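Which chain is which? They are A, B and C, in the order written, and residues in each are numbered from 1.
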Amino acid sequence: MSAMPDRIRQAAQRAQADLADETTPLLRNAWYVAALAPEVSRQPLARRLVDIPVVLYRREDGRAVALEDRCAHRSFPLSRGQVVGDNLVCGYHGACYGADGRCTRVPSQAQVPPGAVVRSFPLIETGALLWIWPGDPALADPALLPAQPWMSDAGWASSTERLHLRASHVRLHENLLDLTHLSFLHANSFGTPDYASAPFETVLDEAAGRFSLHRTVSPTRLPPLWAVPTGLGGVDAARVVSSSFLSPALHVVAVKFYACALPEDAQPARAIRTAHLVTPESATRTHYFIQHARNFALDDAEITRFMHQQLLQAFQEDVDGLEAIETLLAGYPARQPEISFHADKASLAMRRWLKRQAEAEALSRAG
Amino acid sequence: MSAMPDRIRQAAQRAQADLADETTPLLRNAWYVAALAPEVSRQPLARRLVDIPVVLYRREDGRAVALEDRCAHRSFPLSRGQVVGDNLVCGYHGACYGADGRCTRVPSQAQVPPGAVVRSFPLIETGALLWIWPGDPALADPALLPAQPWMSDAGWASSTERLHLRASHVRLHENLLDLTHLSFLHANSFGTPDYASAPFETVLDEAAGRFSLHRTVSPTRLPPLWAVPTGLGGVDAARVVSSSFLSPALHVVAVKFYACALPEDAQPARAIRTAHLVTPESATRTHYFIQHARNFALDDAEITRFMHQQLLQAFQEDVDGLEAIETLLAGYPARQPEISFHADKASLAMRRWLKRQAEAEALSRAG
Amino acid sequence: MSAMPDRIRQAAQRAQADLADETTPLLRNAWYVAALAPEVSRQPLARRLVDIPVVLYRREDGRAVALEDRCAHRSFPLSRGQVVGDNLVCGYHGACYGADGRCTRVPSQAQVPPGAVVRSFPLIETGALLWIWPGDPALADPALLPAQPWMSDAGWASSTERLHLRASHVRLHENLLDLTHLSFLHANSFGTPDYASAPFETVLDEAAGRFSLHRTVSPTRLPPLWAVPTGLGGVDAARVVSSSFLSPALHVVAVKFYACALPEDAQPARAIRTAHLVTPESATRTHYFIQHARNFALDDAEITRFMHQQLLQAFQEDVDGLEAIETLLAGYPARQPEISFHADKASLAMRRWLKRQAEAEALSRAG
C-alpha cells in the first residue's frame, strides 16, 4: 500500500537513521541563550531550558543567576519564591539558597541538612543576551561562547525578540540552512520566486561543527522588507546571502544588497545580519530568540521598527509551518522516510553532526 | 470487591474478546465517505481518514483528488500548499505533485529525486458524497461501493450533514443496530416509550457482512418529527423500521408510516431513509456523515428544513451519549466486561464480523 | 552534573523508596468523604472517587446511594440517567438498577440477564458529610469511621466547603502535617514570621496510623483571620496548635487562643477546629473538603462568613502551591531525591505508614 518503492524506502530509512531529529537526546554541553538580558530582573523568572526547569534572577549588583527551579526539600518551584539580597528564598518552607545553589538557611532548624543544594548554572551576559551552560559546569569554557562581535558592536543597530516554537529545534536549524523555502513559505513576506532556483554553494566544516551556504540572487527585485530601508526598490539589485550554523545555539544569516547598475564597491555598504538563537525547551519545544541588526541608517528608529515588524511576520510563517509539521508527525507514526533534495546538503551534514555530538555526549555521561 | 460473580465475569470476558471495539485495527480495504461533495474545492481540504492524514482538492475539470497529506520531502502538510492546475504545490519548498501523487518538479533542482511520491487514493463521487478507498488501491473495486441507488435518485428529496464524534466508530455502529435506545436516549426527540419493547427480528448475513433488524411499532403515536411531515399526528399509526449495517461505512435506516385506520395499500407511501455514513478518523474519533431523504412532499423546503433540524438534534444526543461512554472507558481500565441483552443480537454479530475482518486484513498485510 | 554528592543522593533515594507518593496505589479499604451532604439529591451526581467512577443519589426516604457510574450493559454513565423511585434508570437503553446495584429490569426483554449488576458502595451520613467505603464492603466497619464528635455537635458552629486539587493527596497530607510552611506559603494570609521557628513536638502512633504535632507560638500577634473573631488583636497572645493525621481521609487542625496577659483559665475558651477531608480522585487529583468550626460566638453569622472567606483564601494558597509542585514533577523525571528537614518528622512517619498500608492492601487483594 506504500507509494514508495521498497528499495528506495530502505535506502532512505538507512540515511535517516544517521540524522538528528526530535528523538535525539538534547546536547547539554553547549552555551545557549537563556533569556534576553532585560527579561531577567529581581523578580524570579521560570524557564524550561534543555528539559531542565531553571529560575533566573539578578543579584543586588545586577549579575544574573540561574538555578535549578526545584527546591531540594519538597520540589516547590523556586521561581515562586522571593529574591532577598543575593539569595532566593523558597516560597513553601523558606529554605534560602545562595547564587551557587547551596542552601544556607532552613528557618525551622539551626543547621542546614547535607544535600540541600540545587544546581547552579554558568551564565555569561553579552550585549542583549544571557547565555547559559546547562551541561557539566567543568566544561563551561567562555571561549566556546558562539556570540559574534557584531552582536555587541555599536556599528550595528539591532533589535531583539523572543518567539516560541512548538516544534523540535532540529527542524528550526534545518529551516535556517535551506533557504529555498523563501520562495514558498515566505512568498508573501521576504521571498521572491527566483530565490529557490538561484545557485548556491555549501561549506561544511564537520570538525568545527559549522555549516554554511552562500547564495547570490542577482539581478533580482528586492521585496519591500529590504527595498524600503536600502532604497533599492524598483531597480535590479543583488542579494548576497550567507546562512551559517555556528553552534547548536546560533545560526547567523548575513545579507548584502547593492544595485546591479554600479560596481559593488562604488556603493554604500548595506548589510543586515540576523542571529537566530535556538534553545531547546524540550525535545519538541524550542525557545527562538532573534537579534536583527543593520550597518546603515543606525539612528533611524522608523527603519528599526519597520524591519523588526516585517521580519517578525516572516519568522512567524516559519513558526507556523514547523509547528504544522511537528503536529502532523506526532499523529502519523506509520509514515515513509524523508526524501532529500540537493539543497539539503548542508542541513543533512548538520543533522548528522548533531546526532554524532549527542551520541558522544551520552557516552561521556555514561563513562 | 467485584459486583459480578466470577463465573459470569469469565464467560463475559471470553465473549467480549471476539468483539471489535476501540482497540481493534481499523479496516482500510473498504470504501468510506471522505467528504460531502461540496466540501471539496480548488482550496485543499485536510482530513484525517482511517488514521491517515489526507488532503482533498479538485482538478480543473472538477474531478476530486485525494493525496496523503504529507510532503515526501520534509513532511509539510500538503494541505497548506496551493492547487495549481491539476497539481498540488507544497507550501514549504515548492515540490509539485500530480493527482497520482508523483512529484513532478522540485524548484531548486533539475531532476526529481527517486522516491518523491505520496500516496494517491482511489475516489468515487456519487450524488452528494465523495468515497475514498484508504487501503490497497489494487483492491479498490467500484462494485464494492456501498452507496444505494436511492441516495442519488431524484425520487427522493434529501439533505446532508457532517457530524464529528469523539468516540469509536464501533460504538456508533452498535448504537445504530440497537434501536431500543430510542425510548431512553431519545425520549425527548424521536423516541416513544413503546419503542424499546416492540417485537423485532434480525437478519444476519455473516457471509456478506450485512446485519439488519426489523421492527414494527403499531399502533403507536408518532413524535412531532414524523407526525408533522406525514400528517399522521394524533391518530394511531404504524411505524415500520428496518435498520441495516451494509458495510463498515454505511448503515441505512428505512422507515414507513401509515395510519392504522386504513389498509396500508390504500394510503400514500410515506417513507423516509437515513444513510448513516461512518468513517473512522482514528481508533476513538469518527467522522459521521448523514444523508436523510423522503419520498413525499419532494418540493416542500419547509419540511426538509424541519426534519433536518429535528433529526440533527436527535443525532446529537447519540453523539453526546457515545462520547460520554468513550470518556468513561478511557479513564476506567479496571472495569467489568459488558453484559449483553437479547436486543444486541445483530450488533454482536456485526462486532464479531468486524473483528474477524480486521484480523484477516492484518494477516493479508503481513503475508 | 549533579549538585548533590553521590553518597548523600544514594542515602536520600533509599529513604524516599519507603515513602508514599503519587506512584503509590490508592488505599480503598477506608472511609472517605464522598460529598458534602447537600450535594446529593434526587438528581444523580457523578464523582470519581479513589479512581472509581461513582454516581450518588438519594432514595425517596432521603437515604443516599452510591453506585458504580457505569452501566453493566454498554458502559453508559448511570449519572446521565434518571432516578425513579429508589432506582436509577440508565439513560441509554433503560436498564433499571436498585440501590444495591442489581439490575431489576431490562425494558426490551422479560428477564434480566445474569451478571447485570454494578457495584454498590457502603455509605454513612454524619452531620454535613457523606462517607463512602470504596474497598471491600465486607470490611466496611462503621466503627472505623474517622468522623469526630465535634463535627456534628451543636456546641460548634461550622461551615463547609469543597475544593479540588490537581495534585496527589499525599502532598496535601504532608502539607497539613508540616505547619512551618505557614510563615512562607501563607505569609499574606494566616502565617506569621515566628511560626516556622516555634518549638514543636510530634506524637507518632504507628500502630493506630495517627500522627500529630503540637506547637505553641507565644507570645505572638494574631493575624486578622484570628484576631478579629477572638478580639485578641494588637496584644500579645498565645496560639496553641495541634495538627493530626487521623486517617487517610481526615486531618484535624485544632487551635486555642488566649491573651498572654492573663492566665489561660481566667479567659473564655476560644477554639477553632478545621477538618481537612482528603479523598483521592486519582493518583494525582484530590477532592479536598473542609469543615471549619468554632466554639464561641456561635450565632454570629458575620464571624462565620469572615472566617470562611479568609480561610478559603489561605487554603487556595495551598492548592496553588501543591499544584505547582505536581506540575513541576510531572515534567522533570530526572530530578534528585528529596532532602528532608527535622520538621518533616511526622510527615515522613505518615508517608511510610501510607506506603506500608498500600502494600498490605495490595497483598490482601492478591491473596
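Rule of thumb we're sticking to: a residue touches a chain if its C-beta (ideal position, glycine included) is under 8 Å from a C-beta of that chain, and two chains touch if they have at least 3 such contacts.
All values reported here derive from a predicted model rather than from experimental measurement.
Participant: In terms of residue numbering, is the interface formed by chain B and chain C classified as same (over half shared) or different (under half shared)?
Facilitator: different
Participant: Give me the superposition rotation angle from chain A to chain B, based on Cα atoms, as a multiple of 5 degrees.
Facilitator: Best-fit rotation on C-alpha atoms: 120 degrees.
Participant: Report the inter-chain centroid distance for chain B and chain C in whole angstrom, where each centroid is the mean of the CA atoms.
Facilitator: 46
Participant: Quick check: what residues of chain C touch more than one other chain, meaning two or more?
Facilitator: In chain C, no residue touches at least two other chains, as defined above.
Participant: Would you tell me which residues of chain A are touching chain B in their complex?
Facilitator: Touching chain B from chain A are residues 1-5, 8-9, 12, 171, 174, 178, 180-181, 183-185, 196-197, 321, 324-325, 328-329, 331-332, 334-336, 338-343.
Participant: In their shared complex, at which residues does chain C touch chain B?
Facilitator: 28, 48, 51-53, 68-70, 72-77, 80-81, 89-94, 101, 106-109, 113-120, 135-137, 365
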